[in-house]
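Here it is: the structure, laid out below.
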Amino acid sequence: MNLEDIIKQTKTYYCLECGKCTSICPVSRHNSNFSPRLMLERALMDSEGELVHDRELFSCLTCYACSDLCPSEVDYPVFTQKVRSLASGQGEHGDCAHSGVLFSLMRLTAHSGIKQKRLDWLDGCRTTQRSEVLYFVGCAPYFEPVFEDIEVSPVNIARNSIKILNALGIEPMLLPNERCCGHDLLWTGDVETFKKLAHINAEMIKESGARKIVFSCPEGYRTFKIDYPQYVKLDCEPVHITELLAQNLSRLPLQPRVKQEGISPEVRKVTYQDPCRLGRHLGIYEPPREIIKAIPGIELVEMEHSGGESICCGTSVWTNCSSYSKEIRIERLSEAKATGAEVLVTTCPKCQIHFKCAMVDKGAEKGPDIKMGVTDLVNLVANAMETRE
Amino acid sequence: MEEKDLSNPRMGVFICRCGINIGAYVNVPDLVEYAKQLANVVHAEHNLFTCSEEGISAIKRGIKEHNLNRVLVASCTPRTHEPLFRAACEEAGLNKYLFEFVNIRDQCSWVHMHEPEKATAKAKDLIRMGLAKARLLQPLAEIEMKVAPAALVIGGGVVGMEAALNLANQGFDVHLVEKESELGGLLRSINKLFPANKEAVKLFKPLGEEVMNHPKIKTHLSSEVKQVTGFIGNFNVTLDGKSEDNQVTVGTIVVAVGAEPLKPIGQYGYGKMANVITQLELEERMKKGEPVGQNLVMINCVGARVPERTYCSRICCMTAIKNAFLTKESNPKAKVWILHRDLMTYGVDFEDYYRKTMELGVRFIRYSLERPPEVVGEGKLERIKVYHELWRREIELPCDTLVLTTPLVPAEGNQNISRMLKVSLDEFGFLLEAHLKLRPVEFAMDGIYICGSARWPTDVTEGISQAYAAASKAAGPLRMGFVKAEAINAFVDEDECSGCGICEVLCSFQAIELQDRDGKRVSHVNEAVCKGCGTCGAACPSGAISMHHFTDEQILAQVQALFS
Amino acid sequence: MPEFEPKIIAFCCNWCTYAAADIAGTSRIHYPANVRIVRVMCSGMVDPIYVLKAFEKGADGVLVAGCHEVDCHYLNGPLKCDAMFAKLKRVTNTLGLENERLRREMISTSESPIFAQVIEQMVQQLKKLGPSPLRGGVKA
Amino acid sequence: MNKEDGRKSVLVIGGGIAGIQASLDLANMGFKVYLVEKSPSIGGRMAQLDKTFPTNDCAMCILAPKMIEANSHPNIELLTYSEVEEISGGIGKFRVRVKKKASFVDRSKCTGCGLCQEKCPWKVDSEFELGLGKRGVIYIPFAQAIPRVATIDKEHCVYLLKGKCRACEKVCSAKAIDFEQKDEHIELRVGAIIVASGLGLYDITSLTEYGYRKIKNVITAIEFERLTAASGPTMGELRRPSDGRTPENIAFVQCVGSRDFRNKAYCSSVCCMHATKEAMLAFEHHPGTKSTIFYMDMRAVGKRFQEYVARAKKEYDVTYVRGRPGRIEVDPENDNPIIWYEETISGRVMSFEAELVVLAQAMIPQITKEFADILGIELNEDGFVKVPDKLAQPLDTTKPGIFACGYVHSPRDIPDSVTQASGAAGRAAEEIASLGSRGGE
């Protein structure tokens, strides 16, 4: 796909150069070198070289804050995604965080030969070999060791997700050799590997005979719902666990009192961070809130910017995790603190990772007080149920 | 109706209580008694609502029973109720100008509620003043003047043609005067028309034929208007040109002489360099199907929105966008850039057209007056250098055809029109309408109307709407067959008049002109044209000119009465 | 003895200021009862003699009011009025009439509150000044 | 009535400046005109404006004489507080059913004294003042209303709802109150119809990024007009909603809902100029007031508009900033709105604190699909009256004999609307005349 095609596909040609995108962009507010509008100007003045070799190309969070307001409905995140694929064709990958470890892991799972051992954490979960419902675990087993030192346990999210499904009488099946969904590769321009992964996953799911795939990760969800269909045929319906829970709230044995994961039993006030993928990408704002409100004794307080206006956790797809990214996270956490909430609840493991990271960061002490609990909604729910026994 | 004897005033006073609106704050019975004592008052009464059926019949009764020859109503405001009471007088056989009105509600009871005595005293003053004026009132007639059932349309472009057809289809003889040897005006050199991209020829050719074959339209080609005398209803027009009958009399005139695109001599190498052309020249190339190049750069606002010509000519952005659209459409491989300073694609269709043009791949670059584009090339057109204002950098664009978008400028003819019809030009040389906001197709001078780009640059759609507008204004007097002159207008005492001509100069409506009266120069008021503002009277050094119904005597009588 | 009540005569153009006075009425905006309005078609038709006669007959103050220039029903009446007024003002100054006694205002239909204010103000000022020196008229 | 009469009369729908002008022109051509207006008074949007660009003359001063003329013209019959219910037949012989809505006031008896609205114990938001002021439940919409008669708003009248009150009846010495009054239906025969139903205001609460109705000191342009109008709720004292202070630093945000695919793709055409005008008015009311206008293209395309904008910059300290703000937030300390925008000329992302923000709310045609169906005309996808051949017959609708003008036809400023109105009148006259020659059947 060349630049002209990208301009057409994303309706970039409609750009009125009004600057609304840049004025709303969380990155531009901190990083004056980055401006969505100027990226588009370059495309329209077809200076492709400048575009693909600009390191800021990888600064975009693809959070959709801009396109949500764009009077010309230019799809800037997709523009970014496509231009990055041009860039990666020319050896540009942005500055990869965590020394690219995560990316090499993702690519490795694309090997058809590999036999993963990724399900050694299932204790207490009821799963089956054959079921209508498949739970897509995602990167959790790989993230677990990488992020345990900042007290984030993606595996725990997976475990709790399954327990909650069990509570609803669902015994999901899992793919023992599930591959990376490819989200991060797609959004950093490695379309080729992404396609490989998509095909392998689609094939396995087909064999599994699943009708419904449940995700606790919004990125996997978005990828299956929006991106896969462009490359592979999926004859089953992806759903996010929050949608599923919201529909079955009455059947959830929720108890007042919450503990564990840095959450004292007295916790009353929580605030909610809309992950970009779940919120602006897929328009899922209410289900998570309905669930939180359903937990007895928990009060939900909104941040200054919430729902469609909420601000991204500051990094996406492990690239350009810069001081600006840090500033965004601190700003967002300050907003969360300002609500008086003790815990920030999210529905995306990465939000959790990035916020926790900002807190443990050296020098964080010097900045504003941003220390607070951060956890995933499924953990919150699971805890509210566990206290039953 | 038999003429009333006015020699000695017999005045009737009708005072309205307006329910309690006047009655509660002004002592109305007291007013009645007071009025009765005043000179020449033969009858006074009060009514619950003088404007009600009862009130109106009370006035009529009063006029008959007491043979009144002046009537005064003291109630609300003449601005809304005068027509009603005047009609009542007329129905009772009293000339309606023998009626006087004083406002004791809006000026007394409602604004002095807390001071009833003062309100009553004031009401007495006002009634006394009103009667003082009423005593001097004279009957007036609204003279009607016949209107010649024909119209003159100057200008044979689409706008002029549409105006002519509209009038002719309403059954009036129309003289259409066009200086060129064929109809169509500027459209003859246009390729296609936005927003529908319809070929211009498909619009003006059929129109031209319709005009030529219309039994009611006499077309005078290669002709010009030489002289116009007279006024609304009766303009005598002299034409010079090939047509045999060069003397016509018309009731109304529509001006549609259009405008012409500026030729940007010397700008961006225009006139010196090959392939530096105007939008109009581009259209001619397209019409002939000539190649228009692979890399087109268009520069907007050439000679417009600049210190020496500050205005925006409204239609040029769309002209450029249209030609860019058509270029891309016929040759998708071609590259087209439009350099602009604000895109004026107002409304629904233009904005939509602009978006479609973007979709086709035409690129828009905003430049600033401070850093205008430059032509780059050794004696020939190679590239255009421009500062991309929103990208904040200088760029160079390959260019084999440079198209300059220039504004419409007033036609030379305007000067002549202005002199001949005694209508003014604005600071740019466009014709000046009577009121920019609410009288856009009229001139201050009655019976003459304006449409199309002679007044201000307009596209075809707007021009045609204006043509209908001007036509409907022009049709009014023709359909009625007469024009009613203001009865309240200026009149001259020719013995007093010194013929100084101050009034003639002063009058904004060309209603006054000096005429010879057996050797003596006196000013003469054209009742058909006079609007009755009375400013002439205020300025007349010899007090020779004054205005009916507001004469010096009448007003001074009011002043005097206040203090008597 | 009762407080001095100045007599003000106001020449108001039919289209704007007379209308403003009407709206003052319909809006029940109260102002002192010292003013008497003479309706004229246009402020431009106010002949200096109207004003002088008013003073001669005993007016304590005169107001000449009409449209703002742009609102004029007759294109440019207010300009003509201004020209007349400028001359007139010089004469009345020479006559020794205080500045506040002769006033020129432009008051549009929608400015009825302003009409009321102007009257209010004039009355205050004239009360301070006391009766016009020309009161009682010119004995022939 | 016979057909001949039908051919001598025309129905005009909408009593705004366009409808009034069309009526006057037709009446002056000798046609009998029925001017139908759904609200109690003619005057329309223009009556709500303080001043008009580019002359800055007072809207009411130039409108009122035309309203009065329409009211007293022998050839015009005003049907205010009335609605067209049904239309049959075609050009030359339309049959029109009009509902004269019950106003519970005998409009022939009412003298417009206004005592009733004063004494009415119940006050509701005034439509004319856009809710910035109150009116009685029995009311005369505004001071210069034509006809100047009272109307009882049956949605709110406590007597009509609960059977208690009748306060107005007690004070009306004209005995004009008539609670028994019923809707009246009349039939008209007309040769042609002109639609001039004017403009509505697009609901911009969906553009949450601008905080309208959330942030106190964010108002719309039309609300601003009422706040500067001498006859308005603040007597022409520009006061900001939060604390009644006179703002000295005002921001105008253009294209709010206009030129926006998510809302109205079209350009509303008049906002650039009314923002400029309002900035000037703010300065005139309170010299030294600083105004900043956030725009994309300054569409000053009319006669003298460029010069007007130049004057605004030079004499009224108006600054034009090219950039479309992305969000308006509020400083809880002082209720000042804070505008986030990219100054696109410098490329800098900045925030701008204003004391008052005025939004250029998109405007929409004032006509419903249902009403268009009654008329038998089509609308385009933006809801404006559909014009089959814009080039040849710019004022014709999809139904012969029905013409359109003003904002319902396309986004237009006042001069253009007035021109179209006269033009539509001309077209009606032409079509009816040419019928005559064909016998009209």
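Chains: A, B, C and D, in written order; residue numbering restarts at 1 for each.
Going forward, a contact is a pair of C-beta atoms (placed from the backbone, for glycine too) under 8 Å apart; a residue touches a chain by one contact, two chains touch by 3 or more.
Given the structure is predicted, the values throughout are model-derived calculations rather than measurements.
Ranking A-D and B-D by contacting C-beta pairs places B-D first.
If you average the Cα atoms of chain A and of chain C, the two centres end up 76 Å apart. Between chain A and chain D the centroid-to-centroid distance comes to 48 Å (mean Cα coordinates, whole Å).
Averaged Cα coordinates give chain B a centre that lies 23 Å from the centre of chain D.
Chain D has its Cα centroid 35 Å from the Cα centroid of chain C.
Shared contact sites, meaning residues of chain B that touch two or more other chains, fall at 79, 355, 390. Counting partners per residue, chain A has 14, 17, 37-38 as the residues that reach two or more other chains.
Residues of chain C in contact with at least two other chains: 19, 23, 26, 28, 73.
Chain pairs that touch one another are A-B, A-D, B-C, B-D, C-D.
Across the interface of their complex, chain A is touched by residues 208-209, 255, 259-262, 296, 322-327, 329, 340-344, 347-349 of chain D.
Residue ranges of chain A in contact with chain D, taken from their complex: 14, 16-25, 28-29, 32, 35, 37-38, 69, 71-73, 304, 308-309. Chain C contributes residues 7, 9, 14, 18-19, 21-26, 28-31, 33, 36-42, 44-50, 53-54, 57-59, 73-77, 80, 84, 116, 137 to its touches with chain B in the complex. Considering their complex, residues 77-79, 103, 105-108, 110-115, 118-119, 121-122, 125-126, 129, 434, 444, 488, 506, 508-509, 531-535, 537-539, 547, 550, 552, 555-556, 558-560, 562-563 of chain B touch chain C. Taken in their complex, chain D has these residues touching chain B: 17, 21, 25-26, 28-30, 52, 54-55, 57, 62-63, 66, 68, 71-72, 109, 111, 113, 115, 148, 172-174, 259, 265-267, 269, 297-307, 310, 322, 344-347, 380, 382, 384, 389-392, 394-395, 410-412, 414-416, 418-427, 429-430, 433-434, 437.
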